[in-house]
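When the chains are written out, they are named A, B, C and D in that same order, and each has its own residue count from 1.
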Amino acid sequence: MDSSFGLDNEVALSDDETVTVQQVLETLENAWLNEKFSPELLPHQTDIVDCMFEQISGMEENLEKVDQSDIRVEIHRMELDRIRYVLSSFLRTRLEKIEEFCTHIIEEDSTRDPDERYLSPGEKKFAEEFQNNIEQHFERVALRHMPLNVQKYDRQLMKVEPNLKSYVFLRARSTAEGLMLEGMDDTDEPLTMVKDSQHMALYSGVASLVKNGTLQLI
Amino acid sequence: MNSAETEFIAEKELVSIVPNFNYEVIYLISGDIGPFRAGLPVKVPIWLAMSLKRRQKCRIVPPRWMNVEDLEEVKKQELNERFFTKMPSEHYMVEAHLLLSVAADDIPRCEQIRTILKDIWDIRMSKLRSSVDQIIKTNAIHARLDHLTLMEINSIRPLLPHALDQLFRLQNGRGPSQASGSQAFTQ
Amino acid sequence: METRFKHSYCPNYFSLEDILATQERVLCKVEKSVHGLGCLDQSTENEDLVVGTTLQLPFWLAFPLSQTRVRVVSVELPKIYKEAFREVLTADASIVDLSKLGRYFYEFGSHLTKLNHRDSSAINTMLMNAFKDRLRVLIDWAQNLCTDISKVQRLDTLEKELYLEGFKARKELIAWLSEGSSKMCASEMVVNHKKRKRAVVDI
Amino acid sequence: MFGQKGLELIKELNRTPDVLPPFNDDVIRQVLEEMNALFEQNRMDLDKEKDANYAGVHVRHASLERNRRCLLAYLYNRINKIRQMRWEFGSIIPPEIKYNMCEPEVQWFNNYNKILATYMRGIGNKHGLNLTLDRQPPKELYIEVRCLEDYGEYEMDNGDVVTLRKGNMYLLPRGPCEQLIRQGILQHITD
């Protein structure tokens, strides 16, 4: 019997890049922790998520076919449960942010190039409908009964924004040099975060390094 | 992040087991495990070791550091050093917690191990308390936290970072939304 | 156990806390008479508010009126944010019962700094120092699972929120240290709902 | 003082952070009435000569803004609670709670259910994932549970049907139990 259940260990995420499934899972787990601890919504990881779903459903199909008392069945199922949890928690955290900062996120994303957007197409559709739904509710119950000069829903005044000036814990995946953090002044020496060192700092000062993978939120 | 999630992350760490069954390599998404040969040690993630142990399919080999002598040494060092020392495992507390809960019969002098671990944890917690005091007192905008394990970081979450956020906000104005209504009068 | 994304308090348009904090009153002096709104001053039957009248107004009203092109009112700093009191707080903030001074001591205080009063930066410093001093006590209480109501009641709203958050996290950690974490539980919202429902049935 | 009625709405929510109080139609109407009266008065003042009642217009405008903020914050925070209920109780809200919602809130909830379901179906290139499950890290595949109320038949993902009776214990796959445990129908038993 073939123990690999016929799944390829290597997957293509884009035309010129092949990675192992194991690497995809690691990327997902790191993205999950970053999303969990960052105050703002981070770029979507649809490639990674979709790839993981392919793996899960491929594995599930194959598991159906073998003798259910085979010890592998339970082991694989346990692992699938773990991966499904990470996926679910990752997407749930994103959805919670999308709901809370809806207007702000839609607005920010509309200034980005299509392939640089933070919202996945599914999330974008959800965000827009969510925003409509709540604005319609305001309109129906309150705004349209109000005097003309305050009847308009003022997105700029009312939008809820994440507080980027929040403290986060992080670990350097590779060395970052010459950091000038929020609150440091000209007399302070720029900071170096050596590979594997751990820190606490304001998110706003390290956001770009989190997004490019130099720093990992923990 | 709560303890259950921290535990979930720590469960990915590998531990040696001695299985009582034979099986070829299993290709997990997170990496290959096996082959399993009855009586021969093999490394598997903790979540799997726990499950196999519960079903009496293996015995767990305690990690190298999980013994009274080594831990006494760790404790001594932790007491002597002013800063946090490097723990033998990034998840020492969680690993011990998990393994001792299902495999106490595989780990010699487990009660003593529990006590020393508790001591080490307490020493580090009290160091952490003074670090926190220091961070607040000096209004630090950045702190280095080397050698703190995830569960230890978790023990000051969310209170410390959230309190510092408020301190920062009090110091620098009211935050992104100046939520006091528009001042412009338009008719 | 909730997995909801947690972030620290930051006021926005819909914050109940901020709406309540801006309801705190300040003493104002009328600088430009207001026709037809004598009703704002409950101590008089006059139809208008005349120049020179002093009256208490909620901050949400006093603030915009103090920022108009021609100033309608001037705002006096509440006693507890004035210099004399700042000194009391600076001496030992950790023992002062803040709840007696106003439930939104910090939030209201930081709103007051927007008045551009000459004391603004001193108020800022005072708020920060008081918060810092008391924070260590507050963290201790939360870490030691202090449930002494008389102590907790000395906290202002912002502090109380932080304390409760810390308390909850601590309790959860201690439960993990003693029992582990494998148990799944009913959602808090559901449990509360069932309790209330039972209470209603019992009556 | 203006804005008192609006404040009443805010205090009502602040007093009861973990319940949804009955939708307060009455007070909302009064807030709207105050707003319209303020507006009318301002319009009349502004029709007079320029700046005749400069100060009065400012007082009323600030009061209008305040009332709007209170009203919208009331609606927003109620919606937040209703949204949370979708995640705790599931897609069907207990009738006692629904009773406290106004018609547009029920409609908001139904809409939310719909867009959430659409989003979840599309996850993972249309593989679909129910995000209201897997709320806690998984442990064992099977768990022991005690049933707390007579629930009746329950169909699991694999098509198996189990009849849940109050007081009985069951050993069931963890996945399908999760929702019922959250809803307080099953209790997870650990040793």
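Following the convention adopted for this analysis, a residue touches a chain if its C-beta (ideal position, glycine included) is under 8 Å from a C-beta of that chain, and two chains touch if they have at least 3 such contacts.
Not measured: the values here are computed from a predicted model.
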Greatest separation from chain D - chain, by CA centre: B
Across the interfaces C-D and A-C, which one involves more C-beta pairs in contact? C-D
Compute the distance, rounded to whole Å, between the mean C-alpha positions of chain A and chain B. 23
Can you compute the centre-to-centre distance for chain A and chain C, using the mean CA position of each chain? Integer Å is fine. 33
Whole-Å gap between the CA centroids of chain B and chain C: 36
For chain B, jot down the residues that touch at least 2 other chains. 4, 7-8, 51, 157, 160-162, 165, 169, 175-177, 181-182, 187
Residues in chain C with touches to at least two other chains are numbered 1, 3, 8, 10, 12-15, 60, 64, 182
Could you check chain A for residues that touch two or more other chains and list them? 36, 74, 78, 82, 85, 89, 92, 149, 157-161, 163, 166
Touching residues of chain D toward chain C in the complex: what are they? 1-3, 7, 10-11, 13-14, 18-19, 41, 45, 52-56, 58-59, 61-63, 66, 69-70, 72-73, 76-77, 84-85, 88-89, 94, 96-97, 135-136, 139-140, 143, 177-178, 181-184, 187-188, 190
With touch defined as at the start, can you tell me which chain A residues reach chain D in the complex? 49-50, 52-54, 56-57, 74, 77-78, 81-82, 84-85, 87-89, 91-92, 95, 99, 122-123, 125-126, 129-130, 133-134, 137-138, 140-142, 145-150, 158
Which chain B residues qualify as touching chain D in the complex? 4-5, 7-8, 51, 54, 181-182, 185, 187
Parts of chain B lying in touch with chain C, wherever the complex brings them together: 2-4, 7, 97-98, 101, 129, 132-133, 136-137, 139, 154-155, 157-163, 165-167, 169-171, 173-177, 179-181, 183
Given the complex, residues on chain C that touch chain D span 1, 3, 13-16, 19-20, 23, 32-37, 40, 49, 58, 60-61, 64-65, 68, 70, 72, 182-194, 196-197
